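Mind looking over this structure? Questions follow.
When the chains are written out, they are named A, B, C, D and E in that same order, and each has its own residue count from 1.
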Amino acid sequence: MSNSKKYLQEELIRISGVNPKKCMRCGKCTATCPAYDEMEYHPHQFVYMIESGDIEPLLESESLYKCLTCFACVERCPRSVEPAKLVEAVRLAAIRKQGNNRLTANDIPALLDEDMPQQAIVSAFRKYTK
Amino acid sequence: MQKINRNVLVEKAVSLLENGTVCCVLGWKKGEFDYDITPAVFTTKEDIEANFVFDDFCGANFSKYLVQKTRKAEGKILVFLKSCDTYSFNQLLTEHRFDREKVYAVGIPCEGMVDINKIRAISGEGISSVECGEKITVNTIYDEKFEINASDVLLERCESCKSKLHVAYDELIGEEGEVLESNRFDEVAKLEAMTPDERFAFWQSELSKCIRCNACRDVCPACTCEKCVFDNPKSGVENKAPANEFEEKMFHIIRAFHVAGRCTDCGECSRVCPQHIPLHLLNRKFIKDINEFYGDYQAGAEVGSRAPLANYTTGDIEPSEVFDGRGE
Amino acid sequence: MQRIGVFVCWCGTNIAGTVDVVAVAEALKKEPGVVFSANYQYMCSQAGQDLIKAAVKEHNLTGIVVCSCSPRMHEATFRKTAAAAGLNPYMVEIANIREQCSWVHKDVPTGTEKAIILGKAAVAKVNLNVPLTPGESPVTKRALVIGGGIAGIQTALDIADAGFEVDIVEKKPTIGGKMAQLDKTFPTLDCAACILTPKMVDVAQNEKIRIFSYSEVTEVKGFVGNFDVTIKKKARYVKEELCTGCGACTEKCPMKKVPNDFNLNMDTKRAIYIPFAQAVPKVATIDADYCNMLKNGKCGVCSKVCAAGAIDYTQKDEFISEKYGAIVVATGFNPISMDKFDEFAYNQSKDVITSLEFERLTNAAGPTAGKLLRPSDGKHPEKIVFVQCVGSRCDACNEKGKEYCSKICCMYTAKHAMLTRDKYPDTDVTVFYIDVRTPGKNFDEFYRRAVEEYGVHYIKGMVGKVIPDGEKLIVQASDLIAGKQLKIDADLVVLAAAIEPDKSARPLATMLTASMDTNDFFTEAHPKLRPVESPTAGVFLSGACQGPKDIPETVAQAGAAASKVIGLLAKDKLTGNPCVAQSNEMMCNGCSTCERVCPYGAITYEDKEFRMPDRSTLIRRVASVNPAVCQGCGCCTVACPSGAMDLKGFASEQIIAEVDAICK
Amino acid sequence: MKFSYFPGCTLKNKAKDLDNYARKCAEVLGVTLEEIENWQCCGGVFTTAKDEVATKLSSVRILKDALKKEQALVTVCSACHNVVKQTNYAIQNDKEFAGKVNRYMAEDEYNGETQIYHYLELIRDVIGYDKVKECTVNPLTGKKIAAYYGCLLLRPNSVMRMDDPENPSIIEDLIRAIGAEAVVYPYRNECCGGYVRLEDAKLSDKKSNAVSESAKKAGADVIVTACPLCKYNLEKSGCEIPVVYITELLAEALGVKEDTNE
Amino acid sequence: MQVKEYKPLIVAFCCNWCSYAGADLAGNNRLNYPADVKIIRVPCSCRVNPTFVLRAFQRGADGVILCGCHPGDCHYTSGNYYTRRRMALLFSMLDYLGIERERTRVEWVSAAEGAKFAATMNDFAEKVAALGENKRLEDLRCKK
């Protein structure tokens, strides 16, 4: 693994507080994921690819923005790997880059409707923007 | 002032000696000074009549002497026991330390013994004579004369007397008393309420006075071991003289622990301490803890009772819980 | 002055990895009394022991310190070594520099420094050691087996076969255990009942074996060779000696709605019952929670129909005291509760079952008479999904499951899948697995047959959620190899629940003072070399109480445990522990405090004559310790006010020397 | 009994019913909810990133305010509850995080002392269903109600500790307490799509549909939730049965619904 | 110049049957605890004479901990019950003399509780280290 990959991997492990080495590759996270169909890379792949340092494809994947943060994978993982935390770490690594905000204030008016609760906007900003 | 007078005891002693009930008498005798009353063994009528003393300075507890004396004596020994002494007497019996058959115990009433140090505090040094009567009359070498009420200068242990009841005797002179409500744990509670630093300072200043004369040990009716651990090089705590502060603590903690559950709180240790260290506060701490943790227990109240440290219940307090509710 | 040899073990890299063994040996050489020091890769090996023996001879050693693993591991080994070299075995002390040093500390300077201090403490102690000679105690030639499953049965039969008496205590009304509930056994597919029930009959007919069924051990006292055990025979309200097992009562009892635990509550039984046809002893038992007669004094039908007059509603729990020389623990296992795994909807649908329930559903003597029918509607399931590793192999932080592999699930699931396909070829069978583990004779071949000959679908991936949807169960799972999330409509879902030790094991371990691991499996005296013995002398382990096991392994271990028991019972005497209390009569006050605290009644008092320095004689009361009864706890030594009581091998002087060495 | 109460932004705005009915019902049930003064947004969502501290501070302030009043904290919005509870858990279990947080805080340290109740837990653990039954003047007999938990109330269970995360019963028990019939359906703890609606409305529709279809199929007349975003998503995705806040039904049963209609 | 980090000296008396085995289990599971802890094996916690505890303090120990089987689980059936009384009284006395409470502890650790053993030692060592050197109960002569 190159040094830059290694650095990124360590960074993700640090941010998430997750140890991907605990994974026993059972795939229960992916089995349980409600956004499976919309994702290109699935929870078990996030774990596996971070563990092997193959992180670039994840950073560029739309999958980052499909995770519902529903914690189903966190809840059901028998090995306490908590894949959602790794997905979040990769997403942060992506949007923390200069100019990489997924959602900007200018996008909001178009997305709004009468009934939309504030929390949806606040949450989305927290998830997609730095 | 004692209710019974010396003559009653002398008469009793002489008659028991002469009718052959006993072969010797454990009693009090004047020492170097009037107030320096020491234990003595009398074997003749003459000796008793000449030297037997009973006054406000007869604090000495004879129970302990029975351990050695009964071994040598051919017949019975007459012993006079104040109410507090009877507890030690029973405790020694519980521990099989002497043969009850070899003792003739006479219970005597006691109005409390006086503390010469408290008298000195009033009269100053240089006491030349002391007379015990209605009041205690003190003369000094400076030709001063003091009249003092005995009740004003009682020994600490008598001020906080726990019982006027005699729990053992063959014969009782005078009226029987009863177990008293005592405030003897107040001092302990006061110390407990201090901060650890204050407690440490208190004990440091008290225990550092110790000259390791062993008087406390030698007088203690619970310290009757065939060989004391402090004299045994294999015990790990052997030491003759205080080498430093710590060893003093060690000596007194271990001594207090050795007698824990067996100490009847007779107060002899504090009475004899030439440095006036309040040693009874160590023993009373154990007694207070035992009462609080495991239920009230009075060593020597009855023969054969099981000492708290040779006993347990499955629900005993945990060492970690000892401090619960006791603030820092 | 002692002449002490110090032997520092590397234990490969186990010690040498974190402790500079050479430095330790060098440092200890300078300690008082030490005349020789050496280090070696494996002190416990023959070569290592030879090194010790040679050093004893060459340097005239009087004491030995071995810096190695825990004394619980190899103290006995090195004592034997010392004895072989002509030294008293109790002149050996172990400094535990592995479990309590190299394994728990990370860096070499720290480890080395501590190892030296531990070594110094051991040297300080040996300096004060004296040769000790053990006493002897007799052996009660009878064994107790706790648990009447296949493990207990096999152990009892083997012990009885060697001519010793054996008692089996079984908490259920019949022996047989889990195996009696099984249908077929892998990998040969023998019918479990066909191979188990003859053994049960053998037990019943063996004159050397007594069965205490519906009984529990309530108290264990004593020690190896001399255990005093109290057994509670629970009231079954039927006189065992009179009951003929005819079963008339179990047919006439009007209370029909009693959950049948033998069939995992999938059907019902009567309030008076015989668990199954081949039960041993074949005696009826009344379930007091349901019996009308016992609850409110109304009924008495069973008593009326019993021709033998065996019913006794007044029966009480009976306590039996018996002596044993050896005790075998065979308390077995249970599947874990599925309550915390409701993503698989076990509590939401009757058609989600555990593998043990599946066994009963396919067993000819089970609730469906062997027909595979769905519990919800009694229909034949057309699609069955098996889920592996439910609750096994979980992370330590995961509060739901167990960390270990339950070992038997891969094979029994292959068996279930194969048998289903064999009996019902129209049934579609899918197994979701993480790994298929088949390390046993003919095991992998068996699994391959399930796939290749019987067409069972094995899919690598875990089930994430089971969604009860009308009559169907939607199984949402990963297919990791195809890279898909699957949603399968299943009729029946079978969960391979992890197994755990029986709940009775922990209180029993407490009674036996036998140690257990964090999962409540009994620990062995040595994980490799003494796998069927508990570290507590005289207590042996048989079957799944020690770890997950299949039947062949259980039977093998049962036999091994039996052979260990036979080895013990064959002895007439056991040499005892010489580390017992001893009273110094010269110092004894005769105060009886020690007598009061001794848990074994080992201390008595006698009047003894002493010659005094002045040549007179004195009769004094002094304590004396019976070394055969004393177990060496040392409680008396602290209770003794004068310090007259001391403990051999753990003398006050020795412990103080250790304290001093550590605090130096 | 007095509790600190944190309504959260959405309840002051789009989800007033959730808030108003919660207060009214609490009063009837003998509990006083004292709204924390000058509260800020909980943060909207709890980020699992360990290096994000600032976004979690507003939750800590809420918790500290309750501690200052020596009261337990009550929340009602599922999202707020999840954020506040996860933040508290992180403070209790991650010393480094707690240290960083406390460096931002004026005055005393906060170390996770505050006890947090979701409104549903308050009813179950403090008030008790018996009391609810007692106070029910208008039992919703015959009404078939499907409880929708979503994700945030139950997961991660190691933090939330509200109920069995896979087979919960806390809302169903309340439904039964007010005399209605609880409809149990398999998708009640599946995700509605949450904030992802802003990113991918189709995904959110799909998830929400699965939930409402499942409830409908099980025979529900109405779906109840404690989360404004869940309610929004279900309604937005075209749910055919009404979606209401649990507090509204509770208010109806307790006979205080009319009073609160503004 | 670097100041040497203060390391407390802790003596742990462990009963052979439960706590010593628990310490071994901690080793088997590689659970770290400070090397400041030195274990002395005794057959039962009831073998520990208060004088041993005081001796350790006298010789410069900063903390003394006793570990035994859980009450009710004593290998010798009742030894630890006596330990419990003895140490409750001793520790109370030390406190009475103004000695820090945190320097002494009794903990029941079973043979299965390797994790508890390590956790206990970590916690105890931390608490003792926080107190610093044992000034109040040490014998300065014996300190090198």
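The rule is short, and it goes like this: a contact is a pair of C-beta atoms (placed from the backbone, for glycine too) under 8 Å apart; a residue touches a chain by one contact, two chains touch by 3 or more.
No experiment lies behind these values; they were computed from the predicted model shown.
Colleague: Determine the shortest chain-contact distance, in steps, between subunit B and subunit C.
Modeller: Shortest path length, in steps: 1.
Colleague: Give the label of the chain whose average Cα location is farthest from that of subunit C.
Modeller: Relative to subunit C, the chain with the farthest C-alpha centre is B.
Colleague: Let me spell it out: compute each chain's centre from its C-alpha atoms, then which one is farthest from subunit D's centre?
Modeller: In terms of C-alpha centroids, the chain at the greatest distance from subunit D is B.
Colleague: When I count C-beta pairs in contact, which pair ends up with more: A-C or B-E?
Modeller: The greater number of contacts lies at B-E.
Colleague: Please report how many Å separate the Cα centroid of subunit D from that of subunit E, as a whole number.
Modeller: 48
Colleague: Using the average of all C-alpha atoms in each chain as its centre, how far is it in Å between subunit B and subunit D?
Modeller: Computed value for the inter-centroid distance: 72 Å.
Colleague: On a C-alpha centroid basis, what's the spacing between subunit C and subunit E, in Å?
Modeller: 30
Colleague: Two or more other chains in contact with one residue: find those residues in subunit D.
Modeller: None at all.
Colleague: Send over the residues of subunit B in touch with two or more other chains.
Modeller: Correct list: 229, 235-236, 309-311.
Colleague: Quick one: which residues in subunit A touch 2 or more of the other chains?
Modeller: 37, 72, 75, in rising order.
Colleague: If two chains touch, include that pair; go through all of them.
Modeller: A-C, A-D, B-C, B-E, C-D, C-E
Colleague: Spell out the part of subunit C that touches subunit B in their complex, as residue ranges.
Modeller: It comes out as residues 586-593, 596-597, 605, 618, 621, 639, 641-644, 652-653, 656.
Colleague: Which part of subunit C faces subunit E closely enough to touch in the complex?
Modeller: Interface residues on subunit C, with respect to subunit E: 70-73, 96, 98-101, 103-106, 110-111, 113-114, 117-118, 121, 221, 510, 513, 515-518, 520, 523, 535, 579, 597, 599-600, 631-635, 637-639, 647, 650, 652, 655-656, 658-660, 662-664.
Colleague: Would you tell me which residues of subunit A are touching subunit D in their complex?
Modeller: The contact residues of subunit A facing subunit D are 14-17, 34-35, 37-38, 65-66, 68-72, 74-75, 82, 84-85, 88-89, 92, 102-103, 111, 113, 115-128.
Colleague: Spell out the residues on subunit C that touch subunit D in their complex, using ranges where they run on.
Modeller: So the residues of subunit C in touch with subunit D come to 339-343, 345, 347-348, 399, 467-470, 474.
Colleague: Can you list the residues on subunit C that touch subunit A in the complex?
Modeller: 343, 389, 393-398, 400-401, 434, 460-465, 476-478, 480, 483, 485-486
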